[in-house]
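Both of the next two complexes hold chain A, though its partner changes from chain B to chain C.
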Partner chain A sequence: MSLTRPNKTNIPLWQDTHKRQILAQFIFAVLVIVIVSLLYGNIIDSLSEIGMIPSFRFLRMDSNIDISESIISVDNTSSNLRLIVSGFLNTISISFLAIIFSTILGLIIALCRLSTNYLINKLAVIYIEIIRNIPLLLLLLIWYRAFFLKLPGIKEAIIFGKTLQEGGQTQLSFSLSNRGISMAWLRPSDHFTPFLVCMAIAFVVAIALGIFLKHRENHTGKEQRIILFPFLLFIGLSLISYALLPNAALQKDIPVLGKFNISGGLHITAEWFSLFSGLILYTSAFIAEIFRAGIQGIPKGQIEAARSLGLSHMKTIRLVIIPQAKVVIIPPLTSQYLGVAKNTSLGVAIGFPDLFAITGTIINQSGRALEMIILVMAIYLTLSLLTSLIMNLYNSRIQIKER
Partner chain B sequence: MNNPFKTPMEVKHPLYYWIHKNLFSTVGNTLLTLFSCYLLYLLATKSLLPLFSWDWTVIQANLKLILTGSYPNEQLWRVHLCLWYAAFFFGMTFRFSRKTPPRIMYLLGIVLIFFASCKFETLHRLSMLCILFLLFGSFFIASKLKKERLSLIIIFGWILLLPFCFGVIRGFGGPLPIVKTNLWGGLLLSLLVSLTSIFLSLPIGLLLALGRRSKMKIVKSVCIFLIELIRGVPLITILFIGYLILPMALPKGWAPSVFIRALSGVVLFHSAYMAEALRGGLQGISKTQYEAATSLNLSPQKTMIFIILPQVLKRMIPVLVNSFTSALKDTSLISIIGMLDLIGISTSIVSNPKYLTGSAQVLFFEGSLYFVLCYSISKASVVLEKKLGVTTKIKK
Partner chain C sequence: MKKRVTLAFVLISVLVLCLSCGGKQESPEPTTTSVAAPAVAAAPAPVVKEKTSTLQQVKDRGYIVVGVNASNPGFAYLQEDGSYTGFEIDLAKALSVAVFGTPDKLEFRPLTSKERFIALQSGEIDVLIRTATINSSRDTELGLDFTTPYFYDGQTFVVRDNIGINTMEDLEGASIAVLTGSTTETNLAAIMASKQIEYRPLTFENLDEMKSAFINDRVDAVSVDKSSAVVFLAQFEDAGDFKGLEETISKEPLGIAVRHGDSAWKDICQWTLFALFYGDEHAITSANVDEVLSTTTSPETKNVLGKGKEIGAMMGLSNDWAYQIIKQVGNYGEIFDRNLGIPMKVTRGYNKPWNQGGLFYANPFN
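Right after this comes the complex of A and B.
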């Protein structure tokens, strides 16, 4: 700007952009403060009318709530806070598993969608279109009400691999009833710690090998198997240590058919499975579209150029397609993952005790709506702001700069 | 046709060539074909055929409940009036973007004929056929109009859609007695809530987006805080704020109805997402546009109103149409706070001991309703996107 700044005194107040902006901001700030304080005052007034003062002391009180499943041990005498923690862990664990499985399923469907085979291509299109155009809540309800609740009760459960033991017990390897799924499972035994240590050592060794191979590749220019060999080494070392350790690190846990229930084994409740499968089906369709857009967005010339340089098919994918597709795929993929964490809150509709369902129950029990909603929003917000922050940093780094 | 790039095989046996190329070109491809044939077989025998053997009386008996909730029977003509209005402009909009009726119109036609053949009163069935007639009729009326006039009519028609529907369906006394919102339900409620949320979230989202791009620090930070706060939490928490906190926060005596409370939550939620979409649109406008406007001595406000926003909004039309589908899907959550929308009504139908076993049928029917609506709307947005994309290209 080569313009000389005109003398300040000559500009009337309402035409000086700078001063006008300050004035506008001041008015805006005052307005916001007035509105917020009015709303807050109203809330405090209506709460004090029913004899309540907002405080977080109720978190330490007994909850008197029974919840159906939890990772940490919880009963109706544990505090509200412990219940919220258990709900939070439920949310985190189910969204973590759902993210992994829906990414795998989404990748498979995206590959089907990109396939030249007419039939499989059209099947993938139909799947994606149907799933993307119905609400997740409906999907969950279909799984829960139209599938699990229609299954026979625990006495007439569908059972695979039934064996009669000597003591008159009936063992089974897999059962399906309206309470969920029970199946045989491996559980860590009392001698699990030494095995864990061995696995950690194997992991470190594998990483060291990977670094060494990478170094050699950089040094000699010869291609090395950086992923495959360390992976095999890790698996091999783990298996050898499992076989060599004196006590078995894992023990079989086989469900036993009782009179009214099935005990032991891995029990997956109908609510957990409905939410899990609903989330996977729903998210995978969106993830498949993201992958497809990312891969199709690469100009054909890139692939042709890579092939004409003599890169193999796998190398073209690894060195040309993935690095370019990544830029397009990662931002929407991150927001899908965030969406999974938020969508677990729909578990409330089918009675899965996730963070939000427990919040709702505590609100019903204690009437502490304001505090609980603030708390739960803060938890969800911290989760997504962390991810959002990373995403924005990444986004601003890869954004195409104009001039 | 003597195409030098085609093999003799392709010219002689095109069908055989197509099958070979698309289904059996390699061993892997053949395996995939066999696998998908097996999948199709499973799909047909395990899920499609049983549908015909199901007992569909629960749908037939509750069709009115699913579609309009407990809206009074003698006032149902108002809903039909709104449908006529919407169908008229639907047809016109499709003419605007294409010369021949697109496939979605035929899909909608089939759905309408299906409903016309259902167990309704004769008058309602006739009205369904009228809607079909209007849909295709307006398509051909539109071809008689000039393009500029047509686009003006369409824009005003769609803007007036929401006030028209609200006025007619709620009523204001006199010939249109007031129907309270707690009687609304089913598909009617879902559609109204999602429509309103789009219409209201556009201006709110626009303000938030402009605030976020503003140079004023306080305005910017307040807008960022609001947008990120709302986008960072699940919709159901926002709905709970509307449901539980809003009545406390408003002055005494206002006591909003459950409908308003649910609506405010949905609108708030969608405004934040709309703001982000609009911010994307604003970012897409080249800097040269601003510079050109400034060099023409337009003030920043005028630049925004006359230069930037018309371009942004035009580009945003497909996004807006598409966001209607996500609004429609998200609206299903209001059933959790006890509204009798499409999902909520299914719970209340199934809780009737007469229809205890019908939950699968009801859910399946509602799923197909959602699918037809969302699919046709998202296809319409693709049509619009193509149309608008072409015009911007020519102008460049």
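Right after this comes the complex of A and C.
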């Protein structure tokens, strides 16, 4: 702004682009604020009229309801806030797992889709086209009602590893019924902490080995197995420490058949699994197409050049294709990941208590619709922005640096 | 630099507006800008709500918007031809007769138990007749008003017949399905906690999903109101191996809900119910109402049927409103038998007039 404008005072207001822009911005801001404050005032007025002044005090009150599955322990005396947290954890955990598995499945399908084998290729095409064109809600309902509910009941469950205990209890290593999947599981015992410390030490040692190998590779120019050897070292050290520690760090938890249900072990409910697998099926079809676009977006010359340099097939993929494909893949992949977190809210249709389902229940039991909707919007927004931030950071790191 | 100036302007305008809106609706500030002022004047028109009574709104509109269930056979059920039928639908018809003189001035909004109170609070419906249990928190916290109960219900369990469940204690460890957003959900949690019975809840948004989970043996029991249990069992009569438990774990008085603070409209709903009860109490039916009207010597009956005091006019209705209700829809007993008693085999239980050993007591029409 060091340039001084000639005849500054003579320009009429409506011809000065600079001032006109400021004025336009100002008017727009005023309009937005007026509309928002009017809406807000209107809501407060009409709520006060029927005696419901907005407040968040209800969050501390007892929820009075039980929910079917939760990572933290909740019962009907837990506060509404604790219930929301429990729903949030359900949403987070299922979306996190669904994102990981749908990425893996998506990659496999994309590779099938790119395969020159006629059968594999066509199967992948059919999968993608069918799944992508069915609404997710429908997919979930079909999956839950037509598949999971039609599995045998608990009395006729598909069972592996049945043993009769002395006390008349029946232990089952694995069972599948329309209540879900129960399987034997390892749980941390009371002596878990020393093992955890050993694992941490093993991890540090493995990282050190990795750094050393990388260093050597840079120095000698000879290729080293930077990932494989440290990984094996970590596993090996962990196993040795587990065997050497005086008390077992993990204990077996085998499910027991009760009168109605199976208790103990790892229990995955039919609702959780329906939502989880439905999300994976649906999302992987989209992710497969994103991967395909990324891979096919690389000019053929690149691959031919890699080949003529003498790179092997795997090396071509690892060193030439993936680094370039990543740049194209990450932004649309981010949108898919955001979609997964939001799509978990469809679990309400099949009785899975995610954040949205629990919010709905609390709204109904407490009548605090406005407050809860604001709260749940804020939570979803934070979650999405966070996912977005992480992916954007990664994206800016892998972008091709143009100089 | 340019950006900073713009930002400063925006911030200042925010401040100015916050100050002007913070005070209780002072005159629109002319100090902002002359361009913004018309916008302020034009915008409020659609959002500011007219303060008219529900009765006036209903009369102006020409029909009553009623929130109902669409999938509760016997009470309210959406039929294949798109019309509704059931006990609660007939109550709505009585209300329509009271206000308009004919039973067809109604628009039904099918609502889930989760949506129902919000729909009423927000003014989307005029009245809610949807198996809503009256309790203190709904009456106060939710900003609602209830009439006296039109149905006395209680919660119980429906279980499979052949697995030896006879009392609630037998349900230890069982999976139990319940509808979300209902009092059954809170009652179940409370009673199981107080009796220290471990169970696995599974909540569903609508009755069909819940039924399908129960029939497929995904759950061992469903917890529903007794009336629903009877209907549930009647529907699956041929399946045969279901039964309702004898125990009643809660009181569920079902009432008509209206918005808090409109007592004129609530009066109409309330006295429509009383007119139905009165007919039941004094055996005035749609068949004999004309005969009763011409022969009765009871001053109260005359009041009810519009020949004595002008009760209808005082509520903003026609004077023969109650006569028309009984004539066109029938009394409480007739409505009950038509929808629940005969097709669903629901027994009257407490849902009888006080002079026949029930709980219904029409306040005097005087």
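Everything that follows uses one rule, which is that the second predicted complex is superposed on the first by the 379 of 403 C-alpha atoms of A that agree within 3 Å, B and C clash if a C-alpha of one lies under 4 Å from a C-alpha of the other, contacts with A are read in each partner's own complex, and residues count from 1 in each chain.
Keep this in mind: contacts are C-beta pairs under 8 Å (C-beta built on N, C-alpha and C of every residue); 3 or more make two chains touch, one makes a residue touch a chain.
Bear in mind the structure is a predicted one, so any value in this text is a computation, not a measurement.
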Open item on the list: Going by the contact rule set out at the top, does A:14 touch chain B (first), chain C (second), both, or neither?
Closed with: neither
- [ ] For A:381, decide between first (touching chain B), second (touching chain C), both and neither.
- [x] first
- [ ] Based on the superposed arrangement, let me know which partner A:363 touches: chain B (first), chain C (second), both, or neither?
- [x] both
Open item on the list: On the A-aligned overlay, A:42 touches which partner chain: chain B = first, chain C = second, or both, or neither?
Closed with: both
- [ ] Quick one: classify A:134 as touching chain B (first), chain C (second), both or neither.
- [x] first
Task: Touched partner set for A:263, first chain B, second chain C, both or neither - done: second
Task: chain C-contacting residues of chain A that also contact chain B - done: 21, 25, 29, 39, 42, 46-47, 145, 149-150, 348-349, 360, 363, 369
Open item on the list: Going by the contact rule set out above, which residues of chain A touch chain B in the complex?
Closed with: 21, 24-25, 28-29, 32, 39-40, 42-43, 46-47, 115-120, 123, 129-130, 132-138, 141-142, 145-146, 149-150, 342-343, 345-346, 348-349, 356, 360, 363, 369-370, 373, 376-377, 380-381, 383-385, 388, 402-403
Open item on the list: Which residues of chain A touch chain C once you look at their complex with the stated criterion?
Closed with: 1, 18, 21-22, 25-27, 29-31, 33-35, 37-39, 41-42, 45-47, 49-52, 64-68, 75-77, 145, 149-150, 153-154, 178-179, 258-261, 263, 270-271, 348-351, 353, 357, 360-361, 363-367, 369
Task: Partner chain A, residues of chain B touching it in the complex - done: 21-23, 25, 29, 32-33, 35-37, 39-40, 215-219, 222, 228-229, 231-237, 240-241, 244-245, 247-252, 286-287, 325, 328-330, 332-333, 335-336, 343, 346, 350, 359-360, 363-364, 366-367, 370-371, 374-375, 378
Open item on the list: Using the touch definition from the top, list the residues of chain C that touch chain A in their complex.
Closed with: 1-2, 5-6, 9-10, 13-14, 17-18, 21, 32-33, 35-36, 39-40, 43-44, 47-49, 113-114, 117-118, 121, 137-138, 140-143, 171-175, 180-181, 185-186, 188-190, 192-193, 199-205, 209, 212-213, 216-218, 220, 259-261
